[in-house]
Amino acid sequence: MKMNTLTLAVVLGLGSTSVIANTDVAELEQRINELEARLVKTEQVTEEANDQASSFEFHGYARAGLLINDNLNGATGTGPYMTAAGAIGAPIGRLGVEDDNYVEANLIHNRYLDDGSSARFHIMLADSVETNNEWTAEESQLNVRQVYSELANLRAFSDSEALSNATFWAGKRFDRANYDIHFLDSDIVFLSGTGAGVYDAQLSDDWKANFSIYGRDFGNIDSSSTDIENYIATMNNWVGNWQFMLSGMTASDNKELTQGSADKGFHALLAYHADSFYGAGEGFAKSGVLFGDGLGAELKGIGSNGLLTEDAQAVRVFTYGVTRFAENWRAAPSFMAEYSQDRFEKNDEFAWASVNLRLAQEFTENFEMVYEGSYQYMDLDNATDKASGSFYKATIAPTLKLSTSKGFFDRPELRFAVSYVDWSEDLNDYAVSLDTDAATMGDGGEVLFALQMETWF
Amino acid sequence: MKMNTLTLAVVLGLGSTSVIANTDVAELEQRINELEARLVKTEQVTEEANDQASSFEFHGYARAGLLINDNLNGATGTGPYMTAAGAIGAPIGRLGVEDDNYVEANLIHNRYLDDGSSARFHIMLADSVETNNEWTAEESQLNVRQVYSELANLRAFSDSEALSNATFWAGKRFDRANYDIHFLDSDIVFLSGTGAGVYDAQLSDDWKANFSIYGRDFGNIDSSSTDIENYIATMNNWVGNWQFMLSGMTASDNKELTQGSADKGFHALLAYHADSFYGAGEGFAKSGVLFGDGLGAELKGIGSNGLLTEDAQAVRVFTYGVTRFAENWRAAPSFMAEYSQDRFEKNDEFAWASVNLRLAQEFTENFEMVYEGSYQYMDLDNATDKASGSFYKATIAPTLKLSTSKGFFDRPELRFAVSYVDWSEDLNDYAVSLDTDAATMGDGGEVLFALQMETWF
Amino acid sequence: MKMNTLTLAVVLGLGSTSVIANTDVAELEQRINELEARLVKTEQVTEEANDQASSFEFHGYARAGLLINDNLNGATGTGPYMTAAGAIGAPIGRLGVEDDNYVEANLIHNRYLDDGSSARFHIMLADSVETNNEWTAEESQLNVRQVYSELANLRAFSDSEALSNATFWAGKRFDRANYDIHFLDSDIVFLSGTGAGVYDAQLSDDWKANFSIYGRDFGNIDSSSTDIENYIATMNNWVGNWQFMLSGMTASDNKELTQGSADKGFHALLAYHADSFYGAGEGFAKSGVLFGDGLGAELKGIGSNGLLTEDAQAVRVFTYGVTRFAENWRAAPSFMAEYSQDRFEKNDEFAWASVNLRLAQEFTENFEMVYEGSYQYMDLDNATDKASGSFYKATIAPTLKLSTSKGFFDRPELRFAVSYVDWSEDLNDYAVSLDTDAATMGDGGEVLFALQMETWF
């Protein structure tokens, strides 16, 4: 009995414990119910917020700042295309010589369907002014540079090996596959205009290709003038690290607009995109050669120049890379050179080569010293006048940024820069253009001071 | 005893189980506590994200692409208002003839109060250029077309039957109640300008009305010129499916700006918004009649034309509908016709009628063939010259989109289009305007090729 | 045995209860597991949505509406700077006299690092047109007024007392520390231009300072004209409620651009920012004095005017405050006065004083009557002609807003306003400028009607 009583006591004790546990469990169940209800609501609101947030994207590029010459006045005529050869696309290192306040603002609308297909609408507003003042209505260049739509991963093509991951587009745009040598402010090719095309057609396991048709206009476009359009058909291929791009173009009646001008053209690019710094370290390197004929002889801005002659020919080579070569040092060498003949006139002949080295020395996570040396040789003969010689630039730029460890392409950067620029006397007052009011390099030997920001996102 | 031992064993067993359960419960309670804490935080972040996301909206409309004529050059002078009657607002079917790169970008800021009231700020940037090039600073038409604020569901009016759901606004805007025949690129009315008003005043159970005052300017507006303003007072009513809109307007001194011009006007619209395709199928249909007198005789752009005479009179009828008439076929017929007299000169007389049929044949969820046939008859007498005749257009357009099953108004669309346009010889070189440099239709019989995108969101 | 059976029964009963509880607990555990999994996902999505939402900000200011004169035409030449003294920066109360459709749209991109540092990119588009029409491409003033980047709370400076909370910036901007008397549409100082600087340097426990260099351009800036730049170095200090700002500036060669013009200048501001309405009630008050010499004699737009003479001197005082002086009444008095001499010509002499009182009488949460009385005395001698006299304005404005209880600075406001403006006859047709086509006040005695919205966010 004692035992039983004990048993009972234990049982009752346990029972009472169990009753408490049951109450606890019911309470917990109640709390879980509430949590579930709240989570359902939160998931819903989250999805809505996410949908709304992801339907819009804002991206941009901008540079702005002061550029002061050694007379304590605004520097004029400077920039990466400041040399006589700049008129035919020869860049020098950009650090510390850019004076424009330039901005690109991209507004993007995305639409996602549950089946995985999506649409993307993109507009880009851009502006470039030299004035330091803030009300720039008179100088404003504000304009819409891009307006296009894309359709991707369309369900109807899901069984097509070639098109299941393809992106279709139409409108006005910069080609998606353009890429540049940032340090020279020069695209390798800058294919752009109004048209349509398809990206990421999978032609075989290793072979991806883009196809596009772009139209461009020559001359001023208004209702009274002749409307000459240049149509460019492009095939851009990637096989492993190799890129091979072919473009043909035709511009009816362009011969009539300007005597001797070409009405068709051809353009080719062969490039290698290396995953390391020339096999010698971390980073990357890109190298290639471009060739153009007739309207295709404007090697960067494919099909953008209606003044090229039928016999125009140009060849360009480039290479650049980015690496880290010590704990706190980074380097980015670039090289670009071009030879062209019969470009604007029979027997004109232009040769130039640019070499540039940007170095960054990281002091802290937020501060680095950036150095740039730039050299350009040019030998220019516009069939009337000749000039040849060299351009030199050296720049040192203390720079603030969020994260120096993230390398050359982390932005924004706030920088102070001092540059010395000079060139051969032979180049003073020479211009490629035969226009009497064509801009020339003037005299060299100048120190430039810059206070600048540059960003992209 | 055995029993008791068993009992004890059972009890102890149960007890030990219960102890485990208790530990479990405590653990679960701990996890629930943590979940609750995390959920509170997540709810907070979600609310913030949602508030931030919903405070901003991006909406737009755009079309862009290439339009190529049969000489492989850019088409000029085309578009929905390309006929001689287009100068007085007569549209033809737009598919495949639009050459402009046009964009509207709307940036909207919402502010919601806990009491249910809200404010909405809206600006619209718009641009329209013909050039296919991407740097359009010289041709840019970029401008602010709308800038206005709205206040809705104000607490102070919550007891007012008429105003409890009303929206008040002021600024520059397109009237909220404007609607169009998309296929003709023609609004039924396009009331716009700078002013103030109220939407959704509930005058009785079945009767909703909008009231507004809009100002518009005639002539060039600068500090040296006379500043003629036209003030338009509008009442726009909905009773069931019926819409009845009345507008009166006055422009002091307009007679002095242009001799013989009206200084007041009257405009009326009666329309029926049907929920089915003329009672004959799914879809919708809208039909109506417009009448205008004096400054009100510009029937679409109410009060926008200061050159109308005192005696000007115009009447317009329209109807259009959208339906699906087979598993994979859709149709959208439109009709619009106008008669006007004493419009710009005593005894001028203009009559035109446009009929348009757009068909879509869905092949897959992402691909459809779109067809459009368009016809316009016009009989034009500007009191100096007369011309009459017909315009014809036929277009076929293979089209990509996200979801053909969503019908005519799902965007973006990427399309290739081929059109043939022609017209009566009598219309060649005729212009409604008496200006010597007025644009004319030129000669007909042209094939147009288009690569285009169109989107809205 | 009975007892034992009972015991057993109890035990079994309890056992069965316990078994249910265990099942419950397992179920609950399962539900908690699911909740945790869902919450993990929701937290992730929420964080992404929040990151995306917080990376973008849209802010703006806008006013738009109709301004009608008593001849039922558009009012011209009105605005806060409509008086003869307005040409030298003398404002009158703005309520009911602004005719422009003005908009500022700010697009901001934020980037946050986990270490607490952040970057902020800011562009401002702005436009100002007078026309009431909606397609304003011809009149458009759309331009980029600001484009700059900021870096804040940089990790590398976290050990620096002075810079740990500092913000560094470069680009084109309105200085962050500018502030205005809203009711007069006049900044106290409007420092702006292109440059670089640092905000919130903590010089001691009580002393915060900003340092900046701004460049501005004088004259038209294009490649052919002389490029005169004015460089302004500023130190802006806060000690408690006191603000002390010193600016020096230099513009090489400005003497050559305009004969007799200054090529350097000095500017100082001393202000007190009170946390109450002059110690007499809730609200705030700001008072101060400004002095300028040479190029610094343009007291508001520091360094923005290249036409000032070497001997130019100006002194300005201001005070304004905002308070609530009854349950439903608010008041905002403002005073600003300036004396300047040798400003544009030797021996010119300008004195003016503006006083303004805005009152708001709240009727409901959404409706208030706003009253404004404005007076300006001016005594103007441009060294050729003299004029002196007074300007008067009285305005009454029924106003709708979301929350009248939130005071003078809650927006949007939708308002109707009636104003009467008049001035001394002596001021008719007087202009500070000696240009023959300089705008003058014309004749006074006019009633103005306004329908307007104003917002900021």
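Should a chain be cited, it is by its letter among A, B and C, assigned in written order, with residues numbered from 1 in that chain.
Note that in this section a contact is a pair of C-beta atoms (placed from the backbone, for glycine too) under 8 Å apart; a residue touches a chain by one contact, two chains touch by 3 or more.
Computed from a predicted structure; not experimentally measured.
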Rotation, 0 to 180 degrees and nearest 5, that superposes chain B on copy chain C via CA atoms: 120
Same vs different contact residues, chain A with chain B, by half of numbers used: different
Mean-CA-position distance for chain B and chain A (Å): 35
Multi-chain contact residues (two or more partners), chain B: 4, 7, 11, 14, 18, 21, 25, 28, 32, 35, 39, 42, 46, 49-50, 53, 56, 125, 142
Touching residues (chain side chain B, partner chain A) in the complex: 1, 4, 7-8, 11-12, 14-15, 18, 21-22, 25, 28-29, 32, 35-36, 39, 42-43, 46-47, 49-50, 53-54, 56, 58, 60, 62, 64-66, 68, 71-74, 76-77, 101, 103, 105, 125, 127, 129-140, 142, 364-367, 400-403, 412, 414-416, 439, 451-455, 457
Of chain B, residues touching chain C in the complex: 3-4, 7, 10-11, 14, 17-18, 21, 24-25, 28, 31-32, 35, 38-39, 42, 45-46, 48-50, 52-53, 55-56, 107, 109, 111, 113, 117-119, 121, 123, 125-126, 128, 141-149, 151, 154-157, 168-174, 192-196, 213-217, 220-223, 227-229, 231, 250, 252-253, 304
